[in-house]
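These are the structures, in structure tokens.
Each of the next two complexes has chain A plus one other chain: chain B in the first, chain C in the second.
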Partner chain A sequence: MNVILALLRRELGGYFKSMIGYVVISAVLFLFGFSFVDMLGKLNGVPQDAPVTEQFYATVYFWVILLITAPMITMRVFALEKSTGTYETLMTAPVGDWQVVLAKFGGTLAFFTLVWLPLLGCLFIIRHFTGDPATLDPRVTAGTFFGILLIGSLYMAMGCFASALTRSQIIAAMLSFLLGVALFVLSLRSVALSPSESGWGALLDHISVMRHLADFSRGIVDTRQVVFYLTSTAFFLYMTQRVVESRRWK
Partner chain B sequence: MDEFPSHSFPSGRRFGIAVHVAVAAGLLLAILIMVNYLAARHPIRKDLTSGDRFVLSPLTLQILQNLTNQVRVTVLFDSEAALFSHVDAMLQGYRSQSPKITLDVVDYSLAPGRAIQIRDRYNLGRDDKDLVIFESGKETRFVRSAELSVYDADINSMLQGGSRQVRRSAFRGEALFTSAIVTVSQAIRPRVCYLLGHGEHDPRSSDQNGYRKFIDLLAQRNVTVEPLTLGSEREALPSDCELLVIAGANSPLEANTLQKLGSFLDQGGRLLALMNVESLGTTTGLEDFLARWGIAVRPSVVADRQQTTGGSDVLVGEFGAHPVVNPLAHGHHKVQLLLPRVVGKIPEKFMPADPPKVEHLLFTSDAGQTKSKIRDGTAYYDVRVDIQGQRIPMAAAAEKGGLAGVAANRGATRLVVVGDSFCFGNQLIESASNRDFAGLAVNWLLDRQQFLAIGPKAIHEYTLRLTPAQLTKMRWLFLAVLPGSILLLGFIVWLRRRA
Partner chain C sequence: MLDSLMIEVHDLTKRYPGHTAVDGITFTVGRGEVVGFLGPNGAGKSTTMRILACFLPATGGTARVAGFDVYREPDEVRRRIGYMPESNPLHLDMRVREYLKFRARLKGLGWRRSRDRVDTVLQQCGLTDVHRRITGQLSKGYRQRVGLADALVHEPDLIILDEPTVGLDPHQIRTVRSLIKELGKTTTILLSTHILPEVEMTCSRVLILNQGRILAADTTENLERKLSLDGQVIAEIAAPQDALRDCWRDLPEIERWDVAPADGEWFRVALTPRNGADLRPLVFAIVRENNWSLRELTRSRHSLEDIFVHLTRQNRKEIPGA
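And then the complex of A and B:
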């Protein structure tokens, strides 16, 4: 466990020792700000059945931020080490493959959480200015962040897998982006299919990240969705571990 | 991809390891799919909202757990429409509670092809949207968005000509959805009796004043409509009759018919009585009968110079505060009546003991006028008895709680009385929002006591009221201060590390 924590600290430190971590957080914060300013302008004075916070997650902004930040965070985890030559040093150290994979995944997920944390600040600012406590229901907000964390864990695991496949950060980012967009497009596709009429429709409905986030943002936690994210994250981490391990027999 | 220039393994061995990895990955995938399958079969949904917005009532849970027939629920809604979020979240909860429920959510703006298929399957019109369809076997039931809301209106302000703002205060989806599931899955078809023999509109006629379209509207609500005569001693109202319709009776009802109607209502029956101008010179007996239920049908017709298309009709845009008309008021809809009679509340002092709760439904504008002098089939204003320059009621609804031990199986007695019967005829039912008015009246009348126990869920309306100064301040905070401060922090760290 200590080994994983040490590796995790090393991973997380990697983001903040250079400008990259700050630039990513700052860029994401700007996008949050831009989306809220746009939404507030449109919704000001118009009665709504759902709080502005719930509506934010249904906008294109949220998905743009998620789809872009995930590759930016994960592209370096394995690919950078391979291209700079520190990968060999790491893998010859007395650490297991799983420890490396879990530490790198943990580091990316921790940074992903840090990137999304300022969103909470934005919500408090909106609550402060509107003066309506109902705008920010703490339990619903907790449910929403739990959902973001679950979705983030899947996207981070996919990113780690993509980064483990190559030594080029650009290719890793592209692969990660492709996987993320594929999942998003499948969610969009589920709109056009009936889950009760075809198995394909039922499958797409089950994996629809947009539908899942709609539930989380309403304050609903559904075990089907939790199980989907945990199992799919586990699958991509397993695949990452296999890719890392493959250096021994390739 | 990755390259490691190691060739310590022969290619056969490498192939074997690759197969092993592929099989292991496949097995893991199969296990994970099975876990997901089990999770999908036994879902648990936890509602974290502080008001338990999406928690289902014990009655709904009991009905869902005992469901034996497959029920297909189709939500045909614009995902940006008001209430979609509530409808979707609530029905997802229904689905998670019973494997017998299948749910299709179709956003007609995002998936127009699927919307067309659904409209074709259920014989819906192109304008039919924002509704939920429940289907089991051959039974279908529609719940429209107009029925889903409970509104708060500042009636006093409206009566004084002030604000007309109507606010959505609660969501009554659960009562309607549960009711619809029970109706389609248990094939319960409420029986509606249609009284004949006193000059009523012909329920089979396709003429402009026939009631064929109205009967079709009832059939769409899974209702069995049965013609009924009560004149002879032997004829009686069926014990399972839930609603009696009297549409345009213009000759006197027999004493024993009125007696049977009285005992039907005393036992929690429901009555839709549609009066008209043709019975103005006749005493049908309904006038006195309805007075016992707190509703006065006056011997005069109503005109409204400000709200008419041709003089003889009234285009009603003023509504009372009642579930039957609240959706119409909120949507600023109109109802067109033809020479309606005055239908209002009996004054308090003339009310019977243990009076029912009576509410006005439709009003004229402030330019309303009554006409009670009939000459050559035309109504004239009589300065001695008629009134003008006032809001005049033209429809009313009454409700009275059921008598203990007597009305246990029916619940509360309900009546809707409208001063015009032509408004639901084949021609006028398509005018203005007459069809919606008919549907809302029938729905309210057919509401059963068991589902009234499922209360509506309060809706919080969120309105951002930001001043331009606040918006500017937020713009600066969001776009400059917050991202800039993080960037500055990063720059400081970078400078320190460089030093």
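And then the complex of A and C:
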């Protein structure tokens, strides 16, 4: 456990010691600002039936932020260490493969969560100025953040996997972007088509991150979706661990 | 007997597609020894060290460190070794103390003990003055010392250093060498280098590697003795030429002699002993007896460099024939 904590601290610290952490945070803040202004326009005197969180999160901004920041956050985790050679000192220290994978994944997820926290501020501003406590239901907000965490963990796990495959950060970023976009496009299809009961339609519906996101932002937490994110995250972490372990087969 | 061995390597082989980096080497290193791996670039030194550090798997053969197999019990092995890779990679965005603390925690040291150990190694490696600096801003010599401090921080039984002095200036090389020498008093060290004097200076035993094979393994003195074929003595003496020629004739210790005129009244005398004896006291005694003058008296000593060139050249000759 001590080992994981030490590694986790190092991973999280790494974002703030290099430019990448600040670049990601400022880019995301910029987009938050945009979506905030956008939404204020929509709210201006027109009654809305969707909760504020849905109008906030289930927009194109969420996808731009997720699809672009996920590769930026995860590309360094293995690839950077491999290219600078610190991977060798790391893997010759008495640490287990799983410890390394979990610490690196935990570091990316912690940073991802940190990046999203300012949105909470935006929500409180709206609540403050509308003067109506019903604008922001804490349970809906909690559900939304839970959803962000779940979707984030899947994207972070995919990114860690991509980063473990290569020693070039650019290739790692492109790979994880590709994986992320693929999942996004699949869910776009399922939104565009009407949900059908036939095999492919049902499958697409099941993995539709967009549909899940809409549910989460209404405060609906469906266990099927939770299971989907937990298992797919676990799958990519397992794949990452296999890649890390593979140096011992070669 | 087995307990006193730190490293046991048996028939270790590492093949990459298309070439063999390590070709069935066998050697042992006892506890407390300082052993040097010597060989040209690409001889298989780094590969062997990486296998011993559990970073690479071997293709064949076995390697044990402190009695633990590097493939089956890598955790036990990694706990007992301090390894510094060739390029000495560090997290360049961390401060010296912070980095060492992180590495100590990674190696399983508790909070208090890691703090104490980091203080100790900072002092040991002469890093106390720079402990708050960022490693990326340090000179190469200091970075090398940070790498050494990292290798030491968990008090390992065995320290593996891959080319610890490469790329340093002569002054930095000296400090790193003396540090290694100091460490060698208490720990087993395996270091690799292609700089010959380094091995002569720091190691008690040498393994000479070339093209993935061990060419020679012995103490530096033994290697010298084996290969110094004659132990020839050179003396420059001012004396009448005939007397100088005659005086060696009846001495049983001398097998061959040769007198050549140098400048003026001086002659250069080359003497070959019969059984490797040291002729220098004898020469001096003769000179004194005859009241001659002596201005130089040396015994030609084969340096490790000669041995190395000799061995690797021999090996190269064998290849076309084989």
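One rule holds in what follows: the second predicted complex is superposed on the first by the 244 of 250 C-alpha atoms of A that agree within 3 Å, B and C clash if a C-alpha of one lies under 4 Å from a C-alpha of the other, contacts with A are read in each partner's own complex, and residues count from 1 in each chain.
Rule of thumb we're sticking to: a contact is a pair of C-beta atoms (placed from the backbone, for glycine too) under 8 Å apart; a residue touches a chain by one contact, two chains touch by 3 or more.
Quick caveat, the model's predicted, so the values are computed rather than measured.
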If we overlay the two complexes on their shared chain A, which of chain B and chain C does A:M1 touch? Say first, second, both or neither.
neither
Scan A:G85 for contacts with chain B and chain C and give back first, second, both or neither.
second
Once the structures are superposed on A, label A:R247 by its partner contacts, choosing first (chain B), second (chain C), both or neither.
both
Go through the superposed model and pick first if A:G14 touches only chain B, second if only chain C, both, or neither.
second
Can A:V60 be said to touch chain B (first), chain C (second), both, or neither?
neither
One more residue to check, A:A93. First (chain B), second (chain C), both or neither?
second
If you lay the two complexes on top of each other, which residues of chain A touch chain B in one and chain C in the other?
17-18, 247, 249-250
Which positions of chain A touch chain B when the two form their complex?
16-19, 21-23, 25-27, 29-30, 32-34, 36-37, 40-41, 43-52, 54, 58, 82, 118, 121-122, 125-126, 129-130, 132, 134-135, 137, 139-140, 142-143, 165-167, 191-192, 194-197, 206, 214-215, 218-224, 227-228, 231-232, 234-235, 238-239, 242-243, 246-247, 249-250
Chain A-touching residues of chain C, taken from the complex the two chains share
50, 53-57, 71, 75, 78-79, 81, 83, 85, 87, 89-94, 102-103, 105-108, 110, 150
Spell out the residues on chain B that touch chain A in their complex, using ranges where they run on.
1-4, 6, 9, 13-14, 17, 21, 24-25, 28-29, 32, 35-36, 39-40, 42-50, 53-54, 72, 79, 82-83, 85-86, 88-89, 92-93, 96, 102-104, 106-107, 110-111, 113-114, 167-168, 459-466, 470-471, 473-475, 477-479, 482-484, 486-487, 489-491, 493-494, 497
Taking the touch rule as given, give the residues of chain A at its contact with chain C in the complex, in rising order.
2-3, 5-7, 9-10, 13-14, 17-18, 84-96, 247-250
